Every structure is written in structure tokens, then in C-alpha cells.
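Structures given as C-alpha cells follow.
Below, chain A partners chain B and then partners chain C, in two separate complexes.
This part shows the complex of A and B:
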């Protein structure tokens, strides 16, 4: 049986390993858009700061993938799925048949219509490639601007702070708070960040970026002008599900799956940051974001692709560590 | 990753511009002073969209062989390129076309065959070529732009070369080719981080590059070739093409005849009339020439026969290399039929060696077989040709006035060489025949005469030995492991020796362009200084090893590679290490 997995992140690779562990004769193809072996995305900032090296960030090294007989396609992506023909079409027009398909493409930060025209001036901060590019730029960077919500921005602030950079953090809200379930900050996250030397501009947003010599000048809605050596910005983080565009697969923000992580299309499963699962507590679908959830979903999806009937139980929050203090945050509430 | 040498292979089908890709890359590298070697491999079928590859290896240091493996595969035809992926070194890359029109089945997709330890680079080659020029034809330039970025090579080295190469086709062609190059470069820049760098040392001067066949043809013409007769055969045809184009400019003449027998016959006629004459063929052609070579032996007519060896026997592997014609060159004649056999090891030796060949053939009035091979003949390498060689030309031994009074064409002499007059010269009246003859040239079958004339014909070879320079000995003089190589295998041997030297293992090489006869003292002394002797060659039988065994009484470790690809330096290195291991027991 041929199992095709779209996405070589935590969920995808865990599913692949699960399948091969249970059925070593199964054919497993993992298609990953990134050009690296599967890595631990949650350690990217530590890698940026140099507290871990490239080897430590790798989640599943090449030798393990080879030993398990998993066919990993690096640097490739699926542009279309044909559930009737049971095939996927890759970006280079290769058509690959499958018996069971798992979509584990994750999510990604994006820019809204205001900032999109300035994309070329914005340093992406999402993938290992982004971090490698950023690492090369670090010696020339003194001042940074961060604009964006979510734990990723906290993570980035933490990294830049540790690297001794001057940081200006621009937020839309009155205070730098998040949908925290519980934390050691007791509602004082904003003050904590400020005490670390980070300048916070509240109730404002970036509206334009201009390159001036080797620097960038940003303008805000409240007509402030700030200059920096590098700009980090995103408006949202959402599932990356362009590959299902031409299908009738049920979706909201992400792909809708049942507790067994099956989509509305036969023999197609989905797992990780790209799926929404019904949450009985809030009586709606929601995304269980984060690494531990992706691992769990990947394992369950792998088992179910082999015919098992394991169910996934939704989780409320993820745990995050910010400069030595822990917090739990809700996502996609 | 930093590179000091790179090996890049283009693979495609007819019309993909595979061979021109190799030429563009090689030319651009040579222009900035890098050492280059290029090897083309193509299918034997003339019709249809056969697969072809060209591999370019370049470095600041001298490149002696095609090395082992490739750093980058540029797959311009997906299905055909799949088989080449196995040659890509770990951590190497594969460029594949992402703009193939229509669906591609998984089994025919190059991207599907790139293992995760390699880096795949999807580039819309056709799409970008079309955007640049309106046709697919510039996709090799798109690929060139992509690899330029990939290894951080200076774009100017390509742009300047494109201008030079396409300048005569007009500004529009230059412009669209540069645009295709730039599109490839920009695509890579946009999609892939720069992780590699080819380090180019400063102070390098532009280098000339030439193929073995080109060097050989040039060498022949530079030493007085006046007549070429031939019949086309892969991989020797290029020599005839050059002769056809260039010889008339030198008051010479090239004729394409009906077959190889006619070709060698014409060459004997040319030399008999006093003109330096040559033919070029490959194994099947040499087999056909056998009887006329015997006539040259018997009638003592000089003849230079170039054999650009390919895989055999019979039609064999017309587009693959092998060193399988040594035996027919040495022994392929009826009766006691001595002939000179030479084998150059690189383009430089093709140039200088063919000149020596003419001198020997003419001085000793003997046929001479010059064994090149497909790899050597077709590969392009950067060389410095020692043109206008300052050495006294060996010319015909002329009769003295006394001898002329009663001219004997086959006069018995100490060195076996008789004074020679050509028809038209005063006194040049004699019989010439394939029959055994007396000193006048008239047929004579007496046993004593046959013995005397046979001895005379062989005596020339003893005299010749005294003329030969000692063989070249390279490597560590005090090494106990010695290698005897010949022809184009020499390059791989040198690089194999370098690999083991870096691991602290000493070895040395004896090489001579002369296969028969040889400067035997050099070989005897060399073999006496070795505890282990290795003889690598590209044939199944070990033909050179057999010659050395019978001539010098050695018992070498033989490496027989009935090759289709040039020999791998790693294979040589492994044998040297094995020999070293045995010695250290």
C-alpha cells in the first residue's frame, strides 16, 4: 500500500515513522517543501542565538529516514490533489498515485493587503532557511522592529534580546498580552517585556516600509516614523492549504477532520497545524496548534491510515517558555 | 560549502544543447584561468532523440581525469537524467525542470529520483528560456545562470563568454542568451539560499583548451602532414573533418575514400611518393587495414595510422571508451610483422606525440599505430601546447652518391634502415612488392633471403630503441608500489596516487608514450625498485599487462576494466591501498 504524506514537519514525519514501524513493507513517501531534513521548528530561535547547532535542531536525520525506508522528497510541494483519481500533482507536474494520503502541511504567517506590497523589505521568520539567512545578516543588525501577535513574536523578541539587539515591538492592542490560560507572569507580560529593554509601541500598526540606504524606515498608522536595520512583521498565522483548492474537501480556516483525523474525502487524512477539529467545549472547530499536538496527531493519523481507529482528544493550550518563565496560551480561540 | 574543484554534468536529448552547455561552461572557466576537462557521452544511434551527457570538471589545479562522481547534475531531459543521479556525490545537487508541459508519471520524473541526501533545485528551464528568447533553445543558458548562482561563480565570466561565442550571430542572439542566463540566475537567487562557493584564486591567466582529436590533427599538420585519407568512423571522424578543412590551406590534400582498406592504401601511396600521410580510424577500421599494414611492413613504407579506440569487438560500443585494440595494434598482422605502437595520455601528448610518430615512421620506414581512445580523443582539456617544437626532424635516410650508382632499395645496413628514394627522384627505379624480396626489391623466396630480410626489419626496432628517451617516472621515487599505465588511463592513475598520498601511502608511476618498442632499461630499473606492481587498463584481458609480463618477467596486480566510462581514480586508489596493506603484513 502506498502512503503519501504531504508535509515533512512534526505531524507528517511522525505519521511516516508510525506507519513504517507498524508495517515495514508499506511504501511511504513524504513530500516536504523545505530543503532540510525534518527539524524542530520550536528550536529555531535557540538555533539563531547559537545555543544549539544545526545537528541538534534536526528532528529526523537522513540516516534514520533511509534506515526506515521512508522516501523523503525535499524541496518539493503538491499543487493539487485529485481525490477521485487518488493522485497528487506536484509543482513540477509529476503525478503521483496514492492509496492513503495525509495532509500535514502546517500553517504559516502571512501579510495582509497593507503590508503585502512591502514584503521584500520584511525578513521572514518561520523556517530554518529564514533563520540561516538571518544568521548571516546578524553582525550587521543593531536595531530591529517586530510587528505581529502571538507566541512566535514573543519567541523572536526573546531571541533578539538575548542577542543584544535593540528592539522596537509594535502591537495593535493596548498591552502586549496574549490569550494566556495561565502563566508565571500574572498579567504582567507587557511590563516584563519592557523591563527587558524592549520598546513597545501600542495601539498602532505598520503601514509602509521604505528602504533608505542600508536601513529601513517604517511609518505607522499614527504617523510615527521608526528606522531599523531589519523588519519582522506578520498579520496572521493560518493553515497552508492551497493544495486542496481544487477539491471539495470540507474546510474552514483549516481542513476539517473528525476525531480519527479523516477529512471529508475518502482515504485522505490531515494532521497538525493545518487541521481544525471539533471542540465540544467551545462547540466549534478549532486548531490545536503546536509541536506536541502535531506529534500526537501524526502518530494517530499514521495508525489510522493503516486501518486502526484511534481517536484524537483535543487540548486546550500549549506551554511556552519565555526568558525562563513558563506560560500557557490558547490558539485560534 | 566551499569548493576548489567542481564536476558538473548536463544530461539531455538532441536539441537540448547538452554539448554546447559543456563548451560554454568549459570556455568560461578556461577564460578565467581554471583548468578544465570535458567529456561528452552520447548514444550510438544517429537517428532519434538519443540521450547525451557532457561532464565538465574544473579546478584551479591541474585536472588529470574526470574524477569520481559529479557535484551537480543538470537534468535537461527528466527521464534520461534519472540514471545519472547515482553519480552525484553526497551533498551534491540536481537541477530539474519544473516547467515540463503535461503530466509526468512518477517513474519518469527526475525529482522523484533525487534521494534526500542530495539537494534538488527545481528551475523552470523551458519557461524561462521561452521568456528570454521565445523558444526552448536557451534552456541550457538558464541552467548556466542557475549553476553560476549556486556556486557563487562570477556572472561576468559567463556573460563575457556568451558575447564571444554568439557575437557573430548578432546582437539579438547575444541579448536573448544573456537574458536566459540572467533569468536562471535570478530564479535561483529568489528561491534558494547561497550555501556554496567555488573559490577562485587570483592571478590566473586565460587558458587554451583543446580535444585530443583536435590536438592530434594540429600536431600532424604542424609537422608536415600533406595527405590524409580516411573513412568516417566514430570517434575518429573529427580528425578527418579537421584535415579536410585545414590541409588545403597548407597545400595538402584530404580524401574520403570508400572504406578503410582504401584509406590505408592511399596513405601508403602518399608516403611512397614522399609525402607525410596519415589515416585515422577506430578498432573495426584497424582490423580492415591489417593486410595493408603488412604491406607497409614488408615494403618498408612509412605509414601513420591513428586508432581512436572504442568499445569492441566488431561494431561494439561506438560511443564508449575502451583500450581493447592494443593486441591488434601489436600483433594484428600475418607473419613476423613488426610495427611501432604509441599511445598518448593527454591532449598535449596527442600534439607532440603524433609529431614524434611521423619522425619515427619516416626515419625507420615502418608503419606506426598511434593508439588514442574515445575519451582522450573527444575530451576537451586545458593545455599549453609546445608549438614549434625545436628538435631536429627525423628525415628519410638518403643514398650517398656512391650508393646511388647502384641503388639497392633494401640494402642491408647495421641499423636495418636502407637508403630511400621516392619515385621521381633520380635513380629511384626499383621494385616494390608485398612479396618477400631481395635487397633490390625483386621477389625472392630463398630461405636465407627471407631470414636476412626479416632480421633487417626487426633490426630497425633495436636501432629505434636507442633513439627513445627514457620513460617518465612520476610520484614518490622511493615508493615500493609502482604502477605502469598507458594511454588515457594515466590521468586517473595520477589522481588515484594523489588520493593515497594524502593518506600517507607512497606510490610511483612509469609511463611512456612508446608501447612498442620501449626504453626497456627504464622499465627494468623501475620494476626492480618495486615490491608491488599494478597495471590498470581499460580492457578485459589485461593486454598491456600481458605485454609487460612477457617483456620484463613481472607478475603485476592487474586491473582490467572493460570500460564504458573513463577510469575512476578511486578504483586505482583502492588497489594501491590494498597493495600497501599486503606489503605491511
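This part shows the complex of A and C:
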């Protein structure tokens, strides 16, 4: 039985390990786009701030992957899936057959149509590589602009603040709540970051970025102009599912799956930040972003790919938990 | 033609061969995808030559509303453009170029019209009616168009907001039709079948092109409460400045053009929060991606897989809308998820779930039906194409022509004027009104290409209407053409098959001893002409293909 797993993040690697633990003889191939061994994404800001080193951020080191007999293909990505022939096509046109396929490609922050033309002026802040590049730039940076909701912004804001940078935070809403509507911190965060010395511009949007000498000048919808050395911006964080483009797989924002994490195509499963599942509690399709969920779904998907019928239990807590443990980040609570 | 100065015609012939007709469908994908078969590469080449007037004239032959369609066409041509194929970049901005031809080259149509003494009445001055009027007027008919509203244009004037299509643009395109001698009588409403009967006697033929002006209604509870609107009624009232309502939180239901226009109009009328809800997913929406992007950029929120089930009210006033979530299957059918109902707060709810025709008159004797009135609500270009088709039927009915046939003008040229470097020009973005000025209600959002931009963009076109052929009887297999080919466009074949449909199919080979022919793959060819210049025996020819529809004698 050949198990192919697209994505070497938390969900993908957990599924691979689960499969190998239960069935030693199974053939498991994990295809990961990044050139690193699986790492803990939620620790990236701590790595940026220097409070942990590169080794601590690795989740599954190369030796243990080798020991388990998992084939990890780094730096490769799947560009198309053919559910009829049960094959995936890699970027270099290699065609790989599978018996069971798991899509665990995760999510990715993205830019809407307004900011997309300015992408080259925006510092990406998502992968280990982004952070390594950013680390090199840090000494030359004094002023930063951050635009975007969600917990990853909070994480970044605190990180930049701790590094002694001057930060301007631009948000669409009246108050900075980082989408934590249902959490115990709701309402306090705005004052908290303001007290830290972050300038907050509310009810406004970034609409253009211009490079002036070595700085960037941004304009907002309300025609404010702010200058900075670096710009961080995103409009959304959403599943990164370009690989299913040519299939008829049911999807909304993410791939729709049932409780056993099966997609609408036979023998294809999906887990982690790239799936959407109907949640009767909130009466909505739901992407349970985050590290703990990815581990849980990865394990269930792995078992079910081996023929078990374990069900994923949708959780009661509906806090948007983008970065897993980041709520316990040591610098502010 | 002046525009083709680069590729001056040496010799022109006319073909009626099915293979040549088929060549156009296969090799000029943009024209083939256009419901009205516009000569797209023809007018783009004229823009390349800087001759906007010719570009306008070429376009105006097929597409009688160039200013309008240069703005609001749903662009079936662009997704099939060869420049947009995998690894080749983005499709040519065909629609923007069409607009620039009208912006810079609009001129009165010079036509030698010989009146034939017959009269045609067209009901409805929308895209179908106007196109039919144009075609019949050019053939010598005396055409009268009756329009129920105060201004001609139908949906173009009253359904589409000015920030997408300004009134003067519609008026200019209409003028180019009335200049041909067409009379448009406005404020004339033909509501009863009896009136149609009367017109039938007064005119030699009557075309009903009344469009789809009746909103499809939904009978869910609360529809009569204050704050609920039908999409088209909302748009028409807003366009006539007759909508004076305060709205803060707006929900728009639907997945088509009207729904999108309603969301953007609501923002301009002062709404703080606008939500668009559609029962299927984004991919299933019947709108082009650039419109979705404009809507997203302006700040409209989307929700998908939602069906409305009722309006929430308080003392007759709308306070929200109740939805149920859907699951969707591979065949795009939706099933509501039991127990998933929830309420979205809204003080204004707009239903834009489609329109239908007002009557179900059928075609008899000298009565013809055209456009949305016959086919149900569709796009502007589809309505125009149908107007043309029906005008052809009317002409056939009244003049006794035997039908129509396609002929292909094939003219030999020396060079195309294209360079390999042109492939690396990126698609030129449309200039737009800045976001902070978008709330000015009637200000046009897309402001049009400058001449510099349109000239740059036109150079990106592969000019697919050029057919490159190698005369095998003269080829000496020297490979000079293969040495200079910029992409994998020249192939060696060991055999040529003729398929049942009359297509030629080359069986490729890489083995020298098997080569029986060398052929140019027009699907890969970028029309740069390197091969022609390199060929020592002059066995590669370039010919330009142009389609024309003529009457069968």
C-alpha cells in the first residue's frame, strides 16, 4: 500500500508517523515544499527574537524520519492531482501513483486585490525561510508597519516591540481584537498593545505602497501617509489548495471533508489548516486553524488511511487559535 | 487596409473550404469564443499600428456597441487567449484594447445604404434590439425602435451602474446606430399582445427584444417588509437617483452581475457593511473574476453556500435575514444542512436572483424574438449576438436570400510586425479611480488605457490570424528554421493524416531517417517570422485569415 502525503507540516508528518507506527510495511512518501525538516511554525517569532535557536524549532529531525522509514521529499510540490488514475503530478512533471492520498498543505496568508500589486514591497512573514531573511534585515530596521487581523499579527507586534522597533499597526475595525471575539482577553488587547508603545491607526486600510529611496511610504484609504523601513501586511489567512484546482473535489475556502476526514474523492483524505468541516455548534463551515488541531487531524487521517473509521470530534471551543500556544507567549502574560 | 502597413497584402484569395473555416476556429481562439466572432486580432493589429480609427471600424463591423462592450463585456475571449496558457503569462487584455479603440478612434460609420422600402419595428432598445436595428438599417430597411423608458439602451442604461458604464458611452454607441437612419421612439410601452398584433400589420416585420426586466421572485416569509428590494428594481431606482434610503448593514443575495452591482452600489449609497451571500461557491458565480476583485477591493464581504429562508422583522422593518447552510455535490447541486439556520443582521436585504421575460409570445409569421426576451437573462455580448442572428432571419424572411455562408479572405504577407521580445511585455493593468474616491456614486472606476499603454498591450497579441506554412515540395530540410525558432513551434513529422473532420494531423518524430515533412505548429507559433527570414529557399509563407459572412445567392 502506497501512502502519499502532500505537505510536511504538523498534520502531514503526524499522519506519516501514525501510519508507520501501525503498519511498518506501509510505503509512506511525504512531499514538502519547504527545504527544511518539519518545524514548529508557532515558535517562529521566538526564533526571530533569538529566545530559541534553530535546533529547538525543528519538530521532527531528519534522523527520526529516516529511522521510521518515511520517505521525505523536500523542496518539491504537487501541481496536480488525478483522482481517476490515482496519481499526483509534481512540479517537475514527475507522476507518482498512490493508493491513499492525504492532502495536508496547510494555509497561507494572502493579499487581496488592492495590495497584490505591491507584493514585492511587503515582507513575507510565514515560513522559516522568511524569518531567516528577516533576521538578516533586522539591524537596519527602525520603523515597521503592520497591517492585518488575526493572532499572527499580535505575535508579530509583540516580537517587534520586544526587539525595540517602532511599530505602527493599521486595522480596519474600531479596536484591535485579533479576531479573539470569544476569548477571555477580548477587549483588553487594544489597550495592552497601545501601552507597549505601538501606534494604532483604526478604521483604515492600506491601499498603496511606494518605495522611496530605502524606505517605504504607504497610503491609507483615509489618505494618511506613513513611512517605514519595512511593511508587514496580509488580508487573510486561508487554505493553500492550488493543487486540487483541476479536480472536482468539493471545496469552499478549504477542502470539504466528512468526520472521517475523507474528501469527496475516493481514497483522498485531507487534514489540518487546509480542510473545512461543518460544525453544528457554530452552524458554519469551520477551519480549525492551528497546531494542536493539525496534530489531532493528522493522527486521525493516518489511522483512517489504514482502514480504521475514527471520527474527528469537532470541539466546543471556537477560539481562533492560529498559532497554537502563542497565547502563552512569555512576553506579555 | 491602412493598418496592415507592416504586413502589406501581396495577394488575396477567397476560400469557402471547410478546412480553412475550421482553421479559424482552432487557431484564433479568442474570435472563436466570442458569441459574435469579432475579428479581435484584426483590430489589435490596427492598434499596434497606431491606427485607432481602423481598429474601431474593424471592431464595429461585428460588435456594434464597442464603447459599451469595451467596458462591460464578460470577456469569454480572454480565458482562451493563447498568451494565458500554462507558462506563457497572462492573456492579452482584449477588452481594455477594444475600449481604447473606441476611446481614441470612434468615428461615424460611412456606409452606402440603399433603401429597400421595407419596414421593421423593434421593441426594446437594449443590446439585442440595437444590434438588430444596426444590421437591418445597413441592409436598407427602415427601422423603428420602440423603447419603454425615457432613454435608449435598456439594461445598459438602466440596469448597469454608471460607475461601470457611464451614460454618455451608451449614448455615443446609440448615436452611431441612429446615424444610419434608425428611428428610436422612447417612452413607448408595448404591453399588450393586441398592440403587437397591430404593429404586425403596420410593419413588414416585428422583432421583440424586450429583455428580461421582471425580477424572479421568492415567496419566503417577510418579503413584504420595509427594507427588502429586488435587485434590478434597486439598481434601476439607484441609477435614476430615485432611491433615497438610509442603509447601514446590507445583505445582497445572488451570484450574478446584478448582485455584484448591487453590492457596489450599496457601498456608494452609504452602506457601512455589505455582505454578498450566494448559495453555491465562488467558482460557481456567474461573474467575471475582475468584477469579483473590484468588489473585494472596495470592501464587500462574501459568504458562500448559504440559502435565505426568511426575513427577520421588527414592526414591519427588516432587522436581519435568516439563512441555512448548504452542502454542495460534484454536480453542483446543493442540499441544505438541517439545523444550520442562523440570522445575519441587516437593515436592507436585496434579492438579485435573476430576471425573466415579461411575456411568453411565440414567433409567428412576421414576428421574431431576440435577445434575453427569447433566451432568458444572459450577457450583453450574447444578447448582441442574438440580435444579429435574428436580424439575419428577418432579412432572409423579407428579401428571399437563400441564407448565409462563411467565406475566408486569405491574403499573403511578407511579415507580421511581431518580435520575440513582445512576448515578455507584462499584461498592462487598467488605470482605476483611487479607492478613496470610489464612493462618489457615478464616477467611473476603470478610467481606460492611455495610448502608450494600449500600444504596449497590443504588442503582446500573438496575432493568431496569421497562418505559417511550409511548402514541403520546396523545403530542402536544411533546418535553418529550427535553429532560429524561439519556442518549440516547428516540428518534424513522419506522416500526415487527414482526420474524419478534415483536419490535418502530423505524426511527430525525432528520428532523421523518418522525416517526411517539416511543419509549423500554429498553436505554438508566436508569429515572429524568424523562420521566414532564415529560410534559404523561401518556402515558408505567411497568410492572414479573415472571416466574413455573406448572403447566399
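Keep in mind that, in the parts below, the second predicted complex is superposed on the first by the 307 of 333 C-alpha atoms of A that agree within 3 Å, B and C clash if a C-alpha of one lies under 4 Å from a C-alpha of the other, contacts with A are read in each partner's own complex, and residues count from 1 in each chain.
The rule we apply is simple: a residue touches a chain if its C-beta (ideal position, glycine included) is under 8 Å from a C-beta of that chain, and two chains touch if they have at least 3 such contacts.
Everything numeric in this text was worked out from a predicted model, so none of it was measured.
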### Query
Given the touch rule stated above, what does A:221 touch, chain B (first), chain C (second), both, or neither?
second
**Message:** Which partner chains sit in contact with A:90 here, chain B, chain C, both or neither? Use first/second/both/neither.
**Reply:** first
What is the contact status of A:165 with respect to chain B (first) and chain C (second): first, second, both, or neither? neither
Next on the checklist: Looking at A:72, would you say it contacts chain B, chain C, both, or neither? Reply first, second, both or neither.
Outcome noted: first
Partner chain(s) touched by A:132 [first = chain B, second = chain C, both, neither]
first
* Based on the superposed arrangement, let me know which partner A:251 touches: chain B (first), chain C (second), both, or neither? => second
Note: overlapping chain A surface for chain B and chain C spans none
Residue positions on chain A within touch of chain C in the complex are 112-114, 117, 205, 207, 221-223, 248, 250-252, 256, 264, 278, 280, 283-285
In the complex, the residues of chain A that touch chain B are 35, 37, 62, 65-66, 72-76, 89-97, 129, 132-133
Counting only contacts in the complex, chain B reaches chain A at residues 96-106, 109, 111-112, 114-117, 119-122, 192-193
In their shared complex, chain A is touched by residues of chain C numbered 281, 293-294, 296-297, 299, 304-305, 325, 327-330, 337, 339-342, 429, 434-436
